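Next, two complexes with chain A in common: one pairs it with chain B, the other with chain C.
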Partner chain A sequence: MRTFVGLISGGADIGRTRLFWISFGVVVLLFLLYPTQASAFRVSNVSFYLLNIPLGLGMALLWGYCGVLSFGHVAYFGVAGYTYGVIAGNMSGNPFGPLAGVAGGLLASMFVAGVFGYFVFYARVQKWIIPILTLVLTLLLETFLGQTAGYQWRVGSVLLGGYNGMTGIPWFQVGGFVFEGYSFYYLCLLLVLACYFGLRMLVNSNFGQVIVAIREDELRTELLGYDIRARQWVVFVLSAALAGLSGLLYVQWGNYITPSQVGLLQAALPVIWTAVGGTTSLLAVAISAFALNWITFTLSSQGNQYAMVIIGGLLVATMVFFPRGIVVMVAERLGRLMTRRAAPPRQP
Partner chain B sequence: MLLRPKAHFGRSKRVLDLREAAMDVLSLVLSLLYQFGTSAAFFFLAAVGLVIILGMMNIINLAHGELMMIGAYTATLTYHAGVPFWLSVILSFFVAAAFGAVLELLIVRRFYGRELGALVVTWGVSLVLGQGTLLFFGPFLPSIGIPGGSFSYGVFSFSAYWLILSLISLLLIIGLWWLYNRTSYGLQAKATMQNAEMAKSLGVRTSRIYTLTFSLGAGLAGLSGALLAPTVTIAPFMGQQFVAPAFITVVVGGAANVIAGAVASSMVLAAVKTPIGMAFGAFSGTVALLLAALIIIRIMPNGLSAPLEKYFNRRAGRAMR
Partner chain C sequence: MVMEPTVAIETLSLNKTFGGVVAASNVNFKVLSGEFRCMIGPNGAGKSTLFAMLCGIETADSGQIFVFGQDVTHTQAFKRVRLGVGLTFQTNRAFHALSVRENLAIPQASARLENKEVGQARLEFALDAFGLDPNDEIKAAELSHNQLQWLEIAMVLVGYPNLILLDEPAAGMASEETLRTAKVLKHLNSTGLTTVVVEHDMAFVKDAAQTVTVLHQGKIFAEGSVADIIAHEDVRRIYLGRA
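Entry: the complex of A and B
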């Protein structure tokens, strides 16, 4: 138990005070109570903001903690989503079809990431090559999926659908219980919390410290006897699995997926969430992923065409003026304010 | 003529057959060469602005596609305003170069030595530029017809414009070689690249060199965009289609000697793409490119230019002795 608590509140993420945990608990409680107060439409929207968080967390782990930047994590998002659509669509009627789809989707995205990761990490390529090649991978995937219109691109009974995408993807269900509406919201919330705590424990463990060491100095870490290639590979595949999880939740949420989900604009989003939140904190990235999804969703549903310009401008502004991330910076300011206010009574 | 014996007739027909077959083979070979040359030229043009910036400044410019888009837009707008095509191409070089200089002074300047930061910030710039162009100019512009006609030999036809593009690529290679090996700017740029502190203390104004280099790279991207404009659809996100070939060319070429690397990798990639693209279609050709890039960097992590650079250095060393 003690090691468990130690792992969660270790030094590798912001938020370790009692006050933090109290407010964290309050926020989780608010999320739990939200469906009782809001309409089904709003709950569904909030599910969408939540389901993108694992993708952001995977990005934070890979870029922020391990120092490897990927521009192509939406490729794993898309691979998982399409695989789920194919498997669950072909097994429609079978109560365990969606579960098989989830397993297949996660395995598919991890497999693609594993093969790709083998080539880049075991070649010890220079740092800038990985983001470029991941970007090319995701562009290729978009091109491929875009030209799959027509009946010759059919897997079993499911059409891949070209640029119109795959439609009619089944809801997630386990046995007879179908996750839709409120139950899907709670599923997203539960998975996001599980991912967050799991990753927070991971980055505070020995393994987490080694990957941070790799980020700081690859050569030195290697000379201390760690196989950096294997560790980078593991982190890469893990973050691809998280991206895949988001992809699975996305297709279960909207029941469709289009090739533009793996396009350039989408590929930019996880990077933007991570940069705006702050690469050195999982929680900050989770918050910024939620907030930015909220903002873009609201802007674009109002027909505002400036959404991508605003988001892109926000990225540039963050990188230039707040290189450590806006959420991290705000959190530090708040933390300092709290300790200053709390300090006088303790001191005398 | 009427008196020509029959036997003679048969033989000349066989000769004619042979000649036709030879012509077929020749035109096939010519067509393959043409395909190879034009796709090598395409890779080189798509990547040239990028490699200048990468090699000299160690900055990956992800707004490269959008700089090409700016070049293409400048060329298209001025062309339709009545400016001759070749003049509008030259104009687009200067517009993109000016834009690059502003970009360097305002943003890129802060990211020297932070490769990943530079990657991310230039990506933000590219998003703003792409989406901004969409809002400002609408979803597409009227295209430019391909200048220069085409001619055919045997069953294959060749476009004169693509041959001109191959020629321009060659001229660009020669021009860049001259710029970096025979001018004082080239000397100062190479000195800055090798050791910025040392160059600075010897009186080189390194920050001006950086601005000039970034501006040159951006201008070359704009030039390529304008040159390729007649061959593609002019749209705000047109830069995206150059992203994959340009970056694969750069990754395969490596950063040790960028110009030699870009030339070598354009040729290798064209050699991979031409036969596969001809046999299985354009998409398979592009997939083959990614696979080739993965395999090449698995064998040579520093790209094709690392062994080339070693070879050049050894030769230079031998020449000195």
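Entry: the complex of A and C
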């Protein structure tokens, strides 16, 4: 139990004080109560903001903690989403079809990341090349999926659909219980909390310390006896699984997926969420992913064509004024303020 | 019956060039277990390159490297560490963004189990002698230059090595700290830890070394006791300067 508490409350993420955990509990409670006060439409929108958080957390783990920037993590989002659509669609009517789709989607995204990551890390590709290679992978996937229009591009009874995408993807269900509307919202919330706490424990563990050491100095870490390639590979595959989880939740939420989900614009988003929140904090990236999705979704749904320009502007402003991320720097200032207030007054 | 001392590290006809620059030329280098060896030589003599090849950072163009009798010529760096080799760099490479405690915790999971008891005693001695608190939460970036150098030595000792390669461990230190470093390393060596040090500071070399190897233009130029090396006419000419 002590180990569990130590891993949860370790110093690898912001927020360790009693006040923080009370505030955290209050926010979770508000999220739990939200569906009782909001319309089904708004709850569905919040589900969308939540379902993107695992993708952001994976990016924080990979880039912020391990120092490897992937500009194409939406590829794994897309692989999981399409795979779920194919499996669950072909098992339509089977109450365990969506569950098989989830397993297949996660395994597919991890397999693609595993093969790609193996060649990248075991070939000791230089760090600055990795963002380009990952972007190329996702753009290739987008191009491939875009040309899959036509009846010949089907897997079983499911059409890939070209640029129009795959439609009619089944809801997630376990046995006879279908997750839609409010239940889907609670599923997203539960998974986000599980991912956050799981990753918080990971980054506070010895494994987490070693991946931070790899970020700081690969050679020094290797000369302390660690196979850094294996650890980078594990983190890469884990972050791809988190992207895959977001992809699964996305297709279960909207019942469709298009190649644009693995395109350039979408590829930039997790990088922006991470940079704006602060690369070195899981919580900061979770908050940033939620907030930026809310801003983008709200602006887009009101017909504002410049939603992405505004998000881009926010990124530039963050780089200039908050180089370590808005949430991280605000949290640091709040922490200093609290410490100053708690400190006894100086004697004259 | 007299036991033959084991060989900690040995190279056979080691060669390495960078473009047209010869960094190692037919280097046959041997250190016995428990020895305290210092390596000296002018800048560009190939000392750091030899260290880099010994621990697996650089690959030799030709030749062989043995660590405790095992051929490690093509063994990756992290696997050589697991055989008991520890290395500190010429430029300090402790993790500046992490605390002292975290810097010392990171090597723990990869520590070699077979040398635990004696390794732990060496680590505790070094931490005490260097004045480092293993539970200190201060960031390494806030430590002084000397403390950073000592922290990196302690980090290597956490892995319980049998052989440590130290590339200028006293670089940038004042004479008092240099001698303190030499004293600690001498004590560690007296517990059986084979120690190979690249060092320019002759006060350190005179104080600590049992044997000195002089490298010049990628070749072993001379080898012998400290007194022999200081008295060596050609070494005085190329490195120490004529009196």
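Convention: the second predicted complex is superposed on the first by the 343 of 348 C-alpha atoms of A that agree within 3 Å, B and C clash if a C-alpha of one lies under 4 Å from a C-alpha of the other, contacts with A are read in each partner's own complex, and residues count from 1 in each chain.
Simple rule for what comes next: a residue touches a chain if its C-beta (ideal position, glycine included) is under 8 Å from a C-beta of that chain, and two chains touch if they have at least 3 such contacts.
All of these numbers come straight from a predicted model, not from anything done at the bench.
Visitor: Regarding the shared-chain residue A:135, is it in contact with chain B (first), chain C (second), both, or neither?
Guide: After superposition on chain A, A:135 lies in contact with chain B alone.
Visitor: Which of the two partners, first being chain B and second being chain C, lies in contact with A:6: first, second, both, or neither?
Guide: A:6 sits against neither chain B nor chain C.
Visitor: Touching A:25, do we find chain B (first), chain C (second), both, or neither?
Guide: neither
Visitor: Look at A:311 in the shared chain and tell me whether it touches chain B only, chain C only, both, or neither; answer first, second, both or neither.
Guide: first
Visitor: Should A:156 be classified as contacting the first partner (chain B), the second (chain C), both, or neither?
Guide: Once the two structures are laid over each other on A, A:156 reaches no partner at all.
Visitor: Would you sort A:168 into first (chain B), second (chain C), both or neither based on which partner it touches?
Guide: neither
Visitor: Which partner reaches more residues of chain A, chain B or chain C?
Guide: Answer, by number of touched residues of chain A: B.
Visitor: Could you say whether A:209 touches chain B, chain C, both of them, or neither, answering first, second, both or neither?
Guide: In the superposition, A:209 touches chain C alone.
Visitor: Would you mind listing the overlap between the chain B footprint and the chain C footprint on chain A?
Guide: Common to the two interfaces on chain A: nothing.
Visitor: Show which residues of chain B lie in contact with chain A when the two form their complex.
Guide: 60, 107, 110-111, 115-117, 119-121, 123-128, 130-132, 134-135, 237, 240, 243-244, 247-248, 250-251, 255, 283, 286-287, 290, 293-295, 297-299, 301-302
Visitor: For the complex, which residues does chain A have touching chain C?
Guide: Touching chain C: residues 206, 209-210, 212-213, 216-217, 219-228 of chain A.
Visitor: Across the complex, what residues on chain C touch chain A?
Guide: Residues 55, 57, 76-78, 81-82, 86-87, 89, 93-98, 102, 105-112, 155-156, 158-159 of chain C touch chain A in their complex.
Visitor: Any idea which chain A residues touch chain B in the complex?
Guide: These residues of chain A touch chain B: 63, 67, 69, 71, 116, 119-120, 122-129, 131-133, 135-137, 139-140, 143-144, 147, 264-265, 268, 271-272, 275, 305-306, 308-309, 311-316, 319-320, 323.
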